[in-house]
Structure formats: C-alpha cells, structure tokens
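What follows is chain A paired twice: with chain B in the first complex and chain C in the second.
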Partner chain A sequence: MIRHTLRSLATLLFAALVGSIVVFVLVNMLGGDIVTVLLGKEAGPGDVQFMRDELGIDRPLVVQYLDWLRGVATGDLGTSYGMGYDIFDEIVRRLEPTLMITLGGLLVSIPLALLLGTYSATNAKKVRGGVIDVFSQVGVAIPAFWAGLLLVLVFAVRLGWLPTGGYVPLSEDPIETLRSIILPVMALSLGVTAVFTRYVRTAMIDVMNEDFMRAAMARGRTRRGAALFHGVRNASIPLVTVAALQFGQLIAGAVVVENVFVLPGIGRLIVTATLGREVVVVQSLALVIMLFILVLNFLVDIAYGFLDPRIRDKAESQ
Partner chain B sequence: MLEIRDLRVHIDGHEIIHIDELDLPPGARLGLVGESGSGKTMTAKAIAGLLPAEAKVSGTVRFDGNDLLALNDAQFARIRGKRIGFVFQDPARSLNPMMRIGRQVSEAIRLHTDLKGRAITDKVVELLTQVQLPDPASLVRRYPHQLSGGQQQRVMIAAAIAADPELLIADEPTTALDVTVQAEILRLLISLSEERQMSVLFVSHDLGVIRYVCDRVAVIYGGHVAETGSVDDVIDRPRHRYTSALLAANPGMPKDDDFAAFMGQRLHTIPGSVPAVGRFPSGCRFRNRCGHASAACASIPSPVTGADGHRYSCWNPGGED
Partner chain C sequence: MSVTDIDTVPDVDTAIPAAPKSLWRRLRRLPITLYLGGALVSIFVFVALLSFVWTPYPPNQLNMSNRLAPPGTPGFFLGTDRGGRDVMTELMLGARNSLYVSVVSTVVAMVVGSAIGLAVAGSNRYFQGPLTRLVDAGLALPGILTALVLAAKLGPGNTTATLAIIIWQIPVAARVTIGPARQVLALDFVEAAYGYGRRKPYILVRHVLQNISPLLIVLGSVMFAAAILIEAALAFLGVGVQPPTSSWGRFLNETQALLDAAPYLMFFPGLAIVFTALGFNLLGDGLRTVLDPQQSRSGLS
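And then the complex of A and B:
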C-alpha cells in the first residue's frame, strides 16, 4: 500500500512538471503582442522597448519559465498588466466559487446517479427502469448554458426564489452562499448526473450477472441483498475511474456556468484573461486546473488499492 | 428429501427442461449426467431458485414436504444457505474477489444462525479445517486470488456447508480443476456427506465421476430424464439408447499392460450434436441422433419402471432386465 502510494505520488509530481512545461510553451506560442495591446499601435519604438524590458518578455523562454515556476511556488506572480490586480491573490480569491460549484456538482450528481443507475439496473426490463434511461438520454443532450438560462428564468425571474447570479463568499454569509450556488450546481450537475447514471447502470448490470452474485444468493442473500453487499463494491472500480473523468467535465462546465451566472470564479477569470492577453494569468490558471485533475487522479489511484485487493497485491509485488 | 414432479423451465417461450419425476432419498447422493446443453445444470439451478428472472419455472419441487417453487425471493433466501447448500462449477468466478475468505465463509452463518463475534470466527476456522485447508486462522484474512483453484473450491464448499444444510447441490464442482485436485475434492464431498448425513445432488458430464461419488443417477437429455436408477443398474445395465451411447463414448482407463492398445482404440462418438433450444425433434428427443430409432420414436415414449426404481423412456431399449 505504501509503495503503491509512493509510486502514484511520483507519477503525480512528474506529470505536474511535464504539464507545466506544456502549458507554458502552448500559452507562449499563442501569439498576440502584449505590448501593442498595452501601449496601442502608435507607441514609439523607445516606449515599446522600455515596456518589453519592464515585462521581461525578451529574456530566453527557459528563464521566463523558471521565473514563473518560482512565482507559483512563492506566491508571487506579479500584477495584471491591464487590471492591476495581484495575480496570485486573485486566483486564490477566485478558487472559492469554482470549488463550491464543482464540488457541489460532484456531491449532488454522484449519489443521485448511484441511486438512479442502480434502480435502473435492477429494473432493467421494466417500465420503471426505462423512464430513468429516457431521463438520462435527455440529460446528456441538454447543454449546461441552456439549462442554466432556463433555471434562471423559472426560479429567479418568474418565481423569484433564488438570485439570478452573483456570489456571496462563505465568510460573509454562508446561507446566501448556498442560495447563490443552488442554480449553478443544478445546471452543472444535470449533464454529469445523466452520463454517470448510464455508467452506474451498465456497471451494475454487469456485476449482477457475475457468478459470485449467484453464489451469494445461494448462501441466503436476496437479490437486493446481494446487489448491496457484493455488487456495489465490485461495480465501484469502473465507476471511480469515470467519476474522476467527470470531474474534468465539471471544470469545463464551470467555465460556462460561471459566465451564465456571473460568478467571480476561475472560469470567468480564464475568459477575461485570455481576451486581455494576460499570459501569466492564463498559464497559471491552466496550471491550477491541471493540478486539480492530477491530484484527483492520484486520489483515484489510491482508491483503487483500497477497493480492490488484487490491485494492491499487484502493486506490492512489482 | 427432494421430490421433483413435472418441473418445467421455459425461456423465451421454449421449454428447456421438463422433468416429469425424479426423487432424491434422504442421505442419498444422486448424480445428474448428460452432455453440455442437456439441461443438467439448469435443473440444479431451478431446484435452488437460482435461475435468472427471464426463466419461467413451473411444477413442484418438494423439499422436506414444502414446495420450493411456491416461495418468493425472500422466503427462498431463508432456505438457501441454511438447508440447501450450493457449490458452483468455477470457484475463481464464484468467490467475490473483493471480500476476504472469512467473510464469505461466514456469510451463511451470519444470515441464518444466532452466532456472534468470536463464535463465528471459531466456526469458520472449524469449517476450513474440515475441508482440509492449511492454516485456517490466517486464511480467513486472505482474498480469493491469493488461493489456488483447489483451495478456492474447498473454500466454496466450506461456505456452502457453513449453516449445516441437509442437501448439498454440487454443479460440476471439479470440472475447472486439475485431475489430481479433482480426486481430493470428490473424496472430501463424499466424506462430508457421510459424516453429516447430508444428501447430495451432484451434476457432472463424467459418468466415471458419478459412479465414484453417487449411489443413484439420472441421465438427462434435452431437459428430460432419459434413464434413472442405481448407479450400478444404469451404468452396467443401461436400457436407454442415449445412456449406452454416452457410455460407449467414454474410453475408460488404460490397462497397465496394454497402453498402446488403449491409445490405438477407436473412440465412439454420438453422431451430430445436442440440438439448439427449440430444435429438438418431436417424440423421443434423442431420435435424430440415435442408431436404433424407428417409426415408434416419433411419439413420446412412456417411462418403464423395473426393479429398484430403474426407470427409462425408450421405445427400443437395449440390454435386458
């Protein structure tokens, strides 16, 4: 178990390093001259050169990359060219709404999908199971921004129960925080729940046909008892993988949903920073998102070992 | 102990099994024998209520006076594991890969008895000792993939007899195992059955194995009982043409002095293969593959019963009483 964990950790660190290089290179290849953006086309050559020196963008890429990495590590990424905010502080400040809606989305969609998928699997040949299949088909097809607009129209504009957008930080008023994320979380979870429901259904149907399920029934388990005590854990291996992949979907969805609901999160910052050619901001945000996903994959790796003794033994013997 | 009357299994509108009459006396060991696809395994699973939901089962299976087929899932679950144990063909697939051995062996004990905590562990260790597994105390904490095939099947047997059932159904319990391990498992099943006065329904395609383990046998073909009786009657004095064909297809054992002759002998095969579901001929189900079929075979043969319950359904029986 310890060796398995250490190996996963080493993979995580290596992947993060490679990923940071890829992010840096890609963003710097995007093109667009920041100096022209800042000074305008009529700026004299002397001013332009002064600005380039000031920003340090004439230095070799390797130096710029290392400088950026040191900034990430020390929490000093400089200030935004256009808006003048402190980049590191701004990213940290904007993590909260994004984490709230993505984790909220996970918290809503995974249990819901487990429930719906298992129900659909145990009633696979009946109308009750079919209704859930139709729901998940429709859910997959509805885009998050459209679902978001629809939710705003009904619950915020027509009924007036919830705010149309904006975000109240947890430290100010937790109740308002919850109210402000309900609609975004709903819009975000819809598609993820639908997709995950289908995976749960397939995994449970596969497991229900396993010989050991019949063996459990032969020892006196009812069908439902066998599904609960033997099925869920065996179905969980493929589901954990899919859940981690779905988290990537949630972050992508967050960019859209934050813009629909005007939430001051990572997703909105990405859009404004990209439009403003804020190279350091964009590459730092890309790094943050990548780290999110890498850490999640690391946790999934560890979870495999906990769930499946065969994987644990294999990792130990290597 | 077990009285089967008019047991029928339908899947997708096809009648797969029709066992008109078959009894298992208390303490006896009854073998079900037949080719792949003959319906022997499905018969065993129908008796234990372990067929998938799409199989429609009708008729009566009296177990100690109660009709098993009249029970719902929850009622049946109270009998399975407690009074009827079941051992499956493939132990590697029949053990839950994510659950410790001890947990699986103790499952029937937890479900059907009042034992708690320490007493359960003691009982599990005692069971593992009974099925002759080494170091039972540490075995309970291990997982199925850490055991060999033979050990896994011993664990399955321990789990099946954990709540002291009166009947053990063993569905080809040695087919997936090495030949040397096979003999050990068969010996174990026989001695457990004798020590515990436990009846056994033993499913196999191997008449030699059946003769070794059982005292009675039913030859199954196309979901019907072709012939049944004591092992000696059926194997030494077969009447049904299918039984003789099955026996002829068995090469037996080489004699010590003449291995070359054994290897050189022509093997008899049964012509054709078991028809697909719904493709069996009318009348006697074996007649399209039988060397002795006549016009009479187009109608269903009625069973003939001889001495010691030796019963067969054949229009042109071989041998003599």
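And then the complex of A and C:
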C-alpha cells in the first residue's frame, strides 16, 4: 500500500512539473511582447522599460520559471497591474465558491452516474435502459452554460425560488450559501453525470458477463443484488482511467458556470484576468486548477488501491 | 416490418461471407445512431455552407424598428435580437464559424496526435512508460484552461480558440492511438513484415495506422463534438471569436441580459449547439458499431 501511494505521489509530482512547464511555455514563448499589448504602441521607451522591469520579463526564462514556482509555493506572486490586488491572496479568497460547486458537482454526479449507469446496464435490452442512454447522449451535448441559463430562466426568473446568481460565503449564512449553489451545481453536474453514466454503463455491461457474476447469482444473489454487491466494485476499476478526464471536465464546467451565475470564484477570476491580459494571474490560476485536478486524481488512485487488491499487488510486485 | 422478415432469424452472415445482399437490406442493418447522427451532421454542414451563398438577411444588418421581435414574426421566422438582427441569419453564420473552428482543430489535432501516438507506441520500452505518462499529464489540462492561458497572451479570437482546441486534443488523440497501436504491433503479421525487412516507420504507417484507422475515424467524430462545445463555451466567455463574426456561444452571452425581456432568444442558439454536438456524438457511436464491433462492446479497454 505504501509503495502504491508513493508511486501515485511520484506521478502527481511529475505531472505537476510537466503541467507547470507546459503552461509557462505556452504563455512565454507564444505571441508577441505583452508590454506592447498592455501599454499600446504609443508608449514611450521609458514606460516600456519600467513595465518590463516590473514584470521581470528581461530575465532568462529559466530564472523567470523558477521565480514563478517559488512564488506559487511561498504565496508571493506580486500584485495585479490592472486591478492592484495581491495575486496570491486573491486566489485564496476565491477558492471557496469554486470548491463548493466542484465538490458539490462531484457529490451529485458520481453517485447519480453510478446509479443510472448500473440501472441502464442491468436493463440494457429494455426501454427503461434505453431512456437513460438517450438522457446521457443528450446530456453530453448540452453545454453547461446553456443548462445554466435555462435553470436561471425557470427557477430564478420565472419561479423566483432561487437567486439568479451571486454567492454568499459559508461564514455569513450557510443556508443562503446552499441556495446560491443549487443551480450552479445542477448546471455543472448535468454534463459530468451524462458522460460518467456512459462509462459506468459500458463497464457494468462488461462486468455483468463475468463468471463471478454468474457464480454470485448461482449462490442465490438476485441479478440486481449481484450488480450492486459485486458489479459496481469491479466495474469501478476501469473507471479510474476515465476519471482524470472527468475532473478536467468538471473544472472546465466550473469556469463557465461561475460566469453564468456571477460566482466570485477562480473561474470568474481567470476569465477577467484573461480579458485584462494579466498573464501572471492566468498562468498561476491555471497551475492551481491543474494541481486541484491532479490531487483529485491522486486521491482517487489511493482510494482504488483500497478498493482493488490487484492494483496494490501489482505495485508491490514491481 | 412484415411477417416474412428474414432479419429476425439469427443471422450467420457474419461468420460466412454470404452472397451479396440487397443494398436496402444492408442499409437497414446499420445502427439507427448512424442515421440520426448523419442526418444532424448533414443539416449542420449544409446550413453552414449555405450561409456562404444565402442567408435570409445580409450579415449583421441592423433593423432597430424590429428589435426583439418574437419568433414567428412575419419576415423573421426565429425573431430578432436586440439590434433587430434576424436570429436565423445569425444562427446560420454561427454554424459557419463552428464548422470552421471544429474542422481546422480536429484535422490538425488528429494528424499530430495520432502521429505522436504512433511514435510513442513504436518507441522502445524505456521511453514508452515516461512518454505515456507525459501524454496523460497533457490530458489533465482541460481545454478551456488552455484556451484562457493562450488568450491571455495572444488575445481573444478565433485563432486562439482553434489553437487551444488543437493543443487540448493532441494528447487525447495520442492517448487513444497508443493502446490499439501497441496491440497491432504485437500481432504476427507485423513480425512477418519485420521478417522480410520492413523498417519500423514503414510498419507504423503502412500497417499499424491502417489497422487503427477505423478507431481514428470514430475518435474524429467525437472530437468534432467536443470542439463545437468548446468553441461555443469560449465564445460565451468572451475569449473566443469577436464581433462582428457571429457565433452561437457569443449570441447566448448577449441574450443573458435579456433573460427576462426576451427569454426565447436563448432557445435557438442553445438547441443549435445541442443538436450539432449530439449529431457528431451519435455519428461517432454509429460508426463505432459499424467499423469496430469489438470496441463498441467494451468502450473502456
């Protein structure tokens, strides 16, 4: 188990390193001079040089990269040149809404997908299984922001049950917090649930044909019982592989959904910073989001080590 | 279906290549998803191409006296937006932009990604593990994130969106290529090809690529759907295509402020996105069933 954990941790660190380099290279190698973009073509040489010094972009790229990593680690990323906020503090301050809706999205979509996927797999040849297939096909194709707009239209504008947007921090009024994230979580979960349901269904159909399922039924389990007690656990294993993509989807969805519901989270910050061409902010946020995805993957990986002894043994035998 | 329908008899044709059946019978055996997807995709492509030669009104024609006309208003079948622009015209032009971005990004990402995938699959075992990890790390980066990072430096626009989708989809294409390519490389006929002196690059292109091409076609269709959804999302966020080019995503962004006054405006662009993405996904599903029966049974392996 320890070896498995260490191995996953090594993967996490490696991926984080690669990711940070990719983000850094994308930002710093592509395109022209950011100072010209920020100050315009008419800026005098003095102003340009001042800005270049302030951004520190005349230093070698390796130094800039290491300095940036140090900044992320120590919490010193400088201040935003457009809005004047302390970049690191602002990121921390905005984590709450994003964490609330992404974790909410996970809590809703994973159990729901397991349920729907299993149901669809055990009823694969019947109409009620087919209905879920149609739902998942359509759900994949509905963009999160459109789902968000529809939800706002129905539940906020027409029925007036829930706020159209905005966020109340947990420390102020937990009930209002809950109310403010219901619609965003619904918009976010739709696509993720739909995709994951499809994977669960495929995995479950494979598992349902396994010998041990027949053995379980021979010992007196009902088909449903076998699916629940043996199927889900076994079907979960191939799902780890696709989980990585789903976390990415979830975060991407969160960025969009935060902008529909005007939630003051990471996603809204990154879009505002992008439009304001605040390269350091965007680059740092991208790294934070990536780390979040990687940590989620790491946790799932560990969890599956507990769930599936084969994964543990494989790590130990190597 | 008639009583004499032979299709209900369990067929043995799959095992024995029987006498050629009538075209009609063969067409009818194709999965329904293929037809549904094909139809939706065809409509999309047709509308996008049609917009080059005909739209109900000239692009971006303002008509302030007809602002926010509801759908069904004579002359404006789907209504008008807050500038009095015809919604149907806008949607046709939006289809054009979606088609442009998704074709360019999918084709480029497919070629580069599958080339990388083939190279990784063909590399020796010391490189294979780390390289596969590298591709996996690339998968963890969501497309929208790449796009935002790029847009911060390059500025928002269609090129940025296209480039971002390409960068996001290359690891996807590579990852999907690696596994099957390795399976093909382990087959006997590859050994035979080595035996009569073929070099690895030749084998990769001539044998491996050919054998996994059905898979790549399926993947391409699914990537199209993803590209359309991302293009719309980026345009919605304001970092995709800029005015005056029409886009479904940007249209939806503009209607957000009008949710109360003109809620119907948000239906049509949304439906356009859903049907197009659905079409490509269904087409991919149908193609998978036809081209790659093994894969369709176990989509995860």
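What we mean here is this: the second predicted complex is superposed on the first by the 302 of 318 C-alpha atoms of A that agree within 3 Å, B and C clash if a C-alpha of one lies under 4 Å from a C-alpha of the other, contacts with A are read in each partner's own complex, and residues count from 1 in each chain.
The working rule: a residue touches a chain if its C-beta (ideal position, glycine included) is under 8 Å from a C-beta of that chain, and two chains touch if they have at least 3 such contacts.
What you are looking at is a predicted structure, and each value in this text was computed from that prediction instead of being measured.
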Is A:Glu42 contacted by the first partner chain B, the second partner chain C, both or neither? neither
Contacts of A:Glu172 with chain B and chain C, given as first, second, both or neither: neither
Which partner reaches more residues of chain A, chain B or chain C? C
Based on the superposed arrangement, let me know which partner A:His230 touches: chain B (first), chain C (second), both, or neither? first
If you stack the two complexes on chain A, which partner ends up touching A:Arg277: first (chain B), second (chain C), both, or neither? second
Given the touch rule stated above, what does A:Gly220 touch, chain B (first), chain C (second), both, or neither? first
Classify the contacts of A:Asp58 with the two partner chains as first (chain B alone), second (chain C alone), both, or neither. neither
Can you list the chain B residues touching chain A in their complex? 48, 50, 53-54, 73-74, 77-82, 85-86, 88, 90, 93-99, 107-108, 111-112, 143, 145-146, 156, 159-160, 162-163
Chain C partner, complex, touching residues on chain A are 11, 14-15, 18-19, 22-23, 26-28, 30-31, 34, 37, 137-138, 140-146, 149-150, 152-153, 157, 164, 198-199, 202-203, 205-206, 238-239, 241-242, 244-245, 247-249, 251-252, 255-256, 259-260, 270-271, 273-275, 277-279, 282-283, 286, 289-290, 293-294, 297
Residues of chain A defined as touching chain B within the complex: 125, 210-212, 214-223, 225, 230, 233-234, 307-310, 313
Complex interface listing, chain C residues touching chain A: 133-134, 136-146, 148-156, 167, 225, 229, 232-233, 236-239, 249, 252, 255-256, 259-260, 263, 266, 270, 273-278, 281-282, 285, 297-301
